[in-house]
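Order of writing sets the chain letters: A, B and C. Residues in each chain are counted from 1.
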Amino acid sequence: MRITEFAAAMGTQVANLGDDFEIKGITTLDAAGPGDVSFISSDKYLSQAASSAASALIVPAKASVASHPSIPLAEPWAGVLFLLNHLYPENRFVYFRGIDPSAAVDPSAQLAPDVAVGPGAVIGPRVVIGGGSVVGPNCVIGPDCKVGSNCALNAGAILCAETEIGNHVILHAGAVIGADGFKYEKVGGRLAKIPQVGRVILEDHVEIGANSCIDRASFTETRIGAGTKIDNLVQIGHNVTMGRSCIVVSQAGIAGSCKIGDGVIFAAQAGVADNIRIGNGVTIAARAGVKDHLPDGVVVIGQPARPFREGSKIIMAEARLPDMIQEVTRLKKRVEELEKKLAPGG
Amino acid sequence: MRITEFAAAMGTQVANLGDDFEIKGITTLDAAGPGDVSFISSDKYLSQAASSAASALIVPAKASVASHPSIPLAEPWAGVLFLLNHLYPENRFVYFRGIDPSAAVDPSAQLAPDVAVGPGAVIGPRVVIGGGSVVGPNCVIGPDCKVGSNCALNAGAILCAETEIGNHVILHAGAVIGADGFKYEKVGGRLAKIPQVGRVILEDHVEIGANSCIDRASFTETRIGAGTKIDNLVQIGHNVTMGRSCIVVSQAGIAGSCKIGDGVIFAAQAGVADNIRIGNGVTIAARAGVKDHLPDGVVVIGQPARPFREGSKIIMAEARLPDMIQEVTRLKKRVEELEKKLAPGG
Amino acid sequence: MRITEFAAAMGTQVANLGDDFEIKGITTLDAAGPGDVSFISSDKYLSQAASSAASALIVPAKASVASHPSIPLAEPWAGVLFLLNHLYPENRFVYFRGIDPSAAVDPSAQLAPDVAVGPGAVIGPRVVIGGGSVVGPNCVIGPDCKVGSNCALNAGAILCAETEIGNHVILHAGAVIGADGFKYEKVGGRLAKIPQVGRVILEDHVEIGANSCIDRASFTETRIGAGTKIDNLVQIGHNVTMGRSCIVVSQAGIAGSCKIGDGVIFAAQAGVADNIRIGNGVTIAARAGVKDHLPDGVVVIGQPARPFREGSKIIMAEARLPDMIQEVTRLKKRVEELEKKLAPGG
């Protein structure tokens, strides 16, 4: 694709263009060389553009970049995404077609004709997989799972029995969906494992990171809403229901039976106690620990998590704590002095 | 099984029974429909019972529920467990029998006749596996491992070489038992890896969550006591010995060489430093960070972890810290005023 | 190997030797029995030596141990390491040779003649693997990966496409190298996944723990420097560059685009925010949360992470906070009393 074709595809023109050229790649300002397009996602990076060896830049709509041919876009990321998808086709690493001879697919499984099953993958009885889905090498799909269309299960991802995932779902390597929830009760004087007979449902366009775990429900369902994106090494407990378009960053953990709204952001290493209700549009800061229900729209920070303003004040105050303890000791002494002076006969 | 049969099996009768019926399922009050049994595990949930569409309820022994036929039990969970086990047989998802032709079992391995080895599983030389155990799809059991009877290794679980597990042990998908402990020493001016030549022993009835890791010992053994239950994404370092009936919740981490008693609870995301001794019956709150030895029976909270009362006081006090800093500033001013008044000539 | 041969190999002699003997094992003071060598890595453990049943002890160079034949070494760990390597050869658990018939190796892959590929392993197109490397059972190596010589990929480890690892690299079971970084941008009103087209490079002598994840870069590379050792369940985000000889302990997480120097230590469960620069020789304490750039050589502690002295003071001061709040309340009352006395007419 030539730079002028790219601009036309985005509905715009190349400003400041010398010769048209074939686009070789898209990369960062620093890494770009001749033939590459780079990009500036926001005006604040404009000053870094001049020194880039890129042959053209995608820039914010009203930005003026004298140094390079530029493609102005209201959403620079839209252009970056377009080029990435053009230059790096989604399934470029899918080298197997149909069912690899080393895969073990149960005869009762129903796979759409264009499903690709990689070497060593195992697909259990009564599994149904929709068109365009890819099951990577050494994946395991347990009995009675349903997988929608255009899903990508990367190497070693595991769907435990009865898990249901929608369309355009991506599971990264080693993700485990539908393992037993963690539930024991004292019965007859010892801890008894309570069988977990519910399931996990991942709605459309959900993405689950490498080695993350989402547990099946005790009785009903654990549900991750459409468009929600979950990073690596995240734990989601049984019976959790999470809304649409949430973001859960690496190593966060959400305990069992939480009810979470839409558009909630869990930053890295955050934790949420069990049975917590979290409204829509909530943001939970990195490493925050949530123990109480949270209404729509709040931002919380700290351990225990508190509203941002309050939590920030406490964190700043902590830095002054050692000085303050000394100050209190001094004040105590001064008050004693004053008391002595005012005592009868003082 | 009919509801009257179930009651009889539990040694009791159905109170308030209309027609006898065949039990279709067991589930939550909300999810239950006609033919289903639901349950109330404690009196505090009694008020939620009336609106359930369940056909009968398991209730605490002395509870009176006018709205439904009810089965009163001293331990309601005992009834729930009975029905779950009846309706959902433990091995209902084990669709392979004997050794799947796609599994790679070393000729020197000794498997009891009724062991089931799933597609793609790999079993190394000199492995011994007891009767009734199931090795899931794509599991790997390294050389010289010993697996007891009636164990369940779910898909992709990995036993590294020389690991020994007892009877009725459950490993969830992706668990890794017996990887090298993390040990380096400066030798000749560079960090040298110290080979880890000890092993891991999981005693009877241990359960290990998805993608959790338990490292082999440096020289001797890492041991998890009978009946201990470990959740997902947990890390147990080398040389740890943990007692019986402990609970380790998701994403907790226990560093090397800790000695842990019986019945200890590690809540989610807790952490314990290396070489710590923890007594029996200790509870470590979620996200607590333990750096000191803990005697029997204590409950600790916070980072660093402190006894519950002390730790709670500190956490509550932190909320008042910003106000207090202002108060101290005001007090200082007031003391200054007083000092001025009392100064000679004031 | 006899004890005198071992001493000679280390360039020294056995002090206090009775009969020469064949070395049976090397283990801890407590676990050692007749025929075993044990060791004292530092003078502070000398008092524990007397009761050991070991037949000989490796001791620090100038230590005097009357109770046992002893091999004095300037670096006792050098002797321990020598014996471990002698008694437990590195590849003692590699029971497969060449390419196991159940492995799925793409015909375009180029494996050095002595590469060992275990049962169920999957190696994609155009992969190159150097001499002496071992690919464990059920490992997956994606298309276009490069693996150096003498690497060990333990069972179930996964290299996603285009990952490059150097020589003498060790990946433990379930490690995932090169999964997509976590990157979404609002495009056309919805969150769009930004394809991650960079790669991961692990330099020579890197070791990655079980179930740890290192994400591929957005555009360029995620790089782990030579000799860096990473423990289990660690998350390294996309675009991170880490220097040489770093130590990252279990469950630590480093967010995207951090630039980390040489010899940095991340203790367990530490976290680092994205785009942070960390100098050489920095130490980050267990569970510390780093949000700011850190210059060479600092030690930080706490959440948020602060320099050790400052952070320790705060942590100690927190313990006094509840008492101090009471003290301030008392002081306030006393100041009020004083003010009353000094008021006109007081």
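Definition applied: a contact is a pair of C-beta atoms (placed from the backbone, for glycine too) under 8 Å apart; a residue touches a chain by one contact, two chains touch by 3 or more.
Please read these numbers as outputs of a predicted model, since none were measured by experiment.
S.K.: Compute the rotation angle for the C-alpha superposition of chain A onto chain B, expressed as a multiple of 5 degrees.
M.R.: Rotation angle between the two copies comes out at 120 degrees.
S.K.: Chain C and chain A are one sequence twice: same or different residues at the contact, by the over-half rule?
M.R.: Here the answer is different, because the shared fraction of interface numbers falls below one half.
S.K.: When the C-alpha atoms of chain A and chain C are each averaged to a single point, how far apart are the two points in Å?
M.R.: Taking the mean C-alpha position of each chain, the two centres sit 25 Å apart.
S.K.: Provide the list of chain C residues touching at least two other chains, using ranges where the numbers run on.
M.R.: Where chain C meets two or more other chains at a single residue, that happens at 102, 120, 138, 156, 174, 211, 233, 251, 269, 303, 318, 321, 324, 328, 331, 335, 338, 342.
S.K.: Spell out the part of chain B that touches chain C in their complex, as residue ranges.
M.R.: 102, 104, 106, 120, 122, 124-125, 138, 140, 142-144, 156, 158, 160-161, 174, 176, 179-180, 182, 184-188, 190-195, 197, 211-213, 215, 218-220, 233, 235, 237, 251, 253, 255, 269, 271, 273, 289, 303-304, 306, 310, 313-314, 316-318, 320-321, 324, 327-328, 331, 334-335, 338, 341-342
S.K.: Which positions of chain A touch chain C when the two form their complex?
M.R.: Interface residues on chain A, with respect to chain C: 26-28, 30-31, 41, 75, 77-78, 80-81, 84-85, 87-88, 90, 93, 95, 100, 102, 118-120, 136-138, 154-156, 170, 172-174, 207, 209-211, 227, 229, 231-233, 245, 247, 249-251, 268-269, 286-287, 303, 315, 318-319, 321-322, 324-325, 328, 331-332, 335, 338-339, 342.
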